[in-house]
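Letters A, B, C and D mark the chains in the order given here, with residues in each chain numbered from 1 onward.
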Amino acid sequence: MLPSSPHVEDVYLGKGRLLESARAGTLLIDCSTIASEAAAKVSKAAAVRGFTMIDAPVSGGTAGAAGATLTFMVGGDEAALELARPVLSAMGKNIFHAGAAGMGQVAKACNNMLLAIHMVGTAEALALGVKCGMDPAKLSEIMGKSSGNNWSLEKYNPWPGVQPNVPASRDYAGGFGVDLMAKDLGLAMEAALASGASTPLGTLARSLYRMHSTAGNGRLDFSSIVKMFQ
Amino acid sequence: MLPSSPHVEDVYLGKGRLLESARAGTLLIDCSTIASEAAAKVSKAAAVRGFTMIDAPVSGGTAGAAGATLTFMVGGDEAALELARPVLSAMGKNIFHAGAAGMGQVAKACNNMLLAIHMVGTAEALALGVKCGMDPAKLSEIMGKSSGNNWSLEKYNPWPGVQPNVPASRDYAGGFGVDLMAKDLGLAMEAALASGASTPLGTLARSLYRMHSTAGNGRLDFSSIVKMFQ
Amino acid sequence: MLPSSPHVEDVYLGKGRLLESARAGTLLIDCSTIASEAAAKVSKAAAVRGFTMIDAPVSGGTAGAAGATLTFMVGGDEAALELARPVLSAMGKNIFHAGAAGMGQVAKACNNMLLAIHMVGTAEALALGVKCGMDPAKLSEIMGKSSGNNWSLEKYNPWPGVQPNVPASRDYAGGFGVDLMAKDLGLAMEAALASGASTPLGTLARSLYRMHSTAGNGRLDFSSIVKMFQ
Amino acid sequence: MLPSSPHVEDVYLGKGRLLESARAGTLLIDCSTIASEAAAKVSKAAAVRGFTMIDAPVSGGTAGAAGATLTFMVGGDEAALELARPVLSAMGKNIFHAGAAGMGQVAKACNNMLLAIHMVGTAEALALGVKCGMDPAKLSEIMGKSSGNNWSLEKYNPWPGVQPNVPASRDYAGGFGVDLMAKDLGLAMEAALASGASTPLGTLARSLYRMHSTAGNGRLDFSSIVKMFQ
């Protein structure tokens, strides 16, 4: 699980590195969150040398890892996924086959972009309601049982004091950091550029997270974006 | 249930209209979706004349009305809500007390703004995934079981053919129209202006819905926004 | 020159106020920056009572007022504008006839929305260039002589030290404040709501100015928006 | 002048291509509009082999090329720029030294992002004014002499019939195409990703241009974006 595409390319493709040194028949599982093009390129090089490889980025954070409740989004052959399943199952609860090599990365980029969008949207909606005189807990309850419901609202409420045991209730410590979310939104932007997609809310969410980081909040949990609206 | 603030003000406040003609002791229930300031103003005028009034906008559409599963978001005294409950229960399943007069409107504006944001976000994420090579049903399944989950994805998937019995699977006929969503987003914008809130994703969603309408899609279901990204 | 629509309505339309107390034949010149609907409503009421009235919002700031170089954007009859011209000329250099009553306000709202958009855009472009290694003065010079040129870049460069005698070179003191710009962008949003227009960049600019104000910068000059990107 | 980074990398760095086949001492001038990283990488490889190279993207379009009025934004040594000047002068009027290798690309990406932003902004402002009842020529004149002035408004008015001899007055034929602008905005996004910059209006402009292209307008002039708002 490496931080970015160049690290992964180096570790697998560099002189004397994995593809040149791994034992024949080794199953390669890369859990980094990187560009899907990079994942596909490394997988292809692995196949040329006879290795089976999957890209298997995770979501669920350190708590998910500790509790073996991570989600794996897997790109590569289904047969390879079955070989990997016992290993992945030891760490995760949901293991999805997203498609061919690189598709694990696509699934994660899309998911995290959507997560960022509804987190920012939830923050905006709660701040708007509070400025208009509503109680944030009451508004959260109403939207949570209505068509506004989403994972951020239900499991990870960004307003301090509405839910116990979420980062918002401990000054946004722990959790999934602003800079990590900005990085993932950057990967979604790269995918949008490479595929010609337009993602107006997703790219705006990235700008907001980058500005939030610029203002000194890069290490806070990503639900702290609500501070921009309070 | 009237279309906009001026209609409601006229029907209640106009010469010889409701506040001048209703029988003493009548409980007034207004189910229009209008500006919260207008709702609060009418409620106050009603109180001055001795009437009890609630603002009780609904969500759930024509299907919800037919099946008596509407959601009511109620502003006004709790005692007034209890008086109204038998009537509302005949049409709705969830009846929420949002707060003082006008707060029913605030709750609905916030909820529908958040709904629009995650509908547009879901459309963007699915279109991005498909352009990168993923299957939309597979991507919907993965995000639906992950942190990207939201009501639009789970109950109202905008991609044609992914879910049965949703507008996307019948050419976006029926459902909740683009122009109605644009109207509700306009009410959220009015609330943002009146309260000094900033709602970057919400106002962008309104612009996108208005542009989608301008392109001739005003009467399609609001999940048709995915066409802008395909 | 009053701060907002309700003040203007009160001063002209209130019991015993201007329309009831002004001498017959008085030419009414309102230089407030307010909603065009409010301006048109007051003008109409003035006409009913036999007064000639124009809406004549200004741009140019305190420096423009002191130097008699203000710009007036006038709504109302051309004949009324000619009556007012000697008075306006004593304070301003450019006097434009924008159209019928209220159109002075429309012209100003559109102009200031466009100003905000290219100020934010200029700030983004300069910050992007600097982060990529360019000198901000060099980049300003190149864009200023190319198709990126605009009033903000040419007359009011937001990057500190690039131009003398602009707010950016005195810690953003003086000039046109962030909160005033946010107010004008609010009027443009009101106009967009009333007319069904979509203004994606304009409403995003308002959100950014509101967030910048929320972060404590409401009294700085509006070119300080560049701080969000540095 | 090649279409994208991979083409340039191939032509210069490929086996048996330019860097391996050019005569010693050849001055290399690349006028492609590509990523600055790619330009810097090729320049560095050229230097290793003893060549002097500049990146010199242009603006001004086919009319500028025909009339020898192009603008060149040059990255590389100043001495190299002086060597190239006679050649560039035969085609262009403004020749700017933007900085070290790759900076020509940075300057062009920033300039064209800013151009796109004020073109979209001008289109929004004009459409807003017209929907509120103003004459587009009158509004253009007023903003053109006020703080809303920018190159798009002054030289390239997007509203049909306001200016002669611009694409808007010939059904958006000729000029600088929507797809080319979307490509340049993609390069600005790449630069923002690589440098960690946030460009909220710039990335939103890209999304709007991509959506406009998706709706079938990819080959129209980029001022046709006004159609999205009419």
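For the reader, a short list of remarks on this structure follows.
Going forward, contacts are C-beta pairs under 8 Å (C-beta built on N, C-alpha and C of every residue); 3 or more make two chains touch, one makes a residue touch a chain.
For clarity, every value in this text was computed on a predicted model and none was experimentally measured.
Between the two copies, subunit C and subunit D, the Cα superposition rotates by 180°, quoted to the nearest 5.
Counting C-beta pairs in contact across B-C and across A-B gives the higher total for A-B. Rounded to whole angstrom, the centroid-to-centroid distance between subunit A and subunit B, based on C-alpha atoms, equals 30 Å.
Distance between subunit A and subunit C, defined via averaged C-alpha coordinates, is recorded as 42 Å.
Annotation for subunit D: residues 196-200, 204, 208, 211, 214, 228-229 touch two or more other chains. Across the interface of their complex, subunit D is touched by residues 186, 189-190, 193, 196-200, 203-204, 206-208, 210-211, 214 of subunit A. Residues 200, 204, 211, 214-215, 228-230 of subunit D are the ones touching subunit B in the complex. Considering their complex, residues 36, 59, 71, 73, 94, 96-100, 102-103, 106-107, 109-115, 117-118, 120-122, 124-129, 131-135, 138-139, 141-143, 145-153, 155-156, 188, 191-192, 194-202, 204-205, 208, 228-229 of subunit D touch subunit C.
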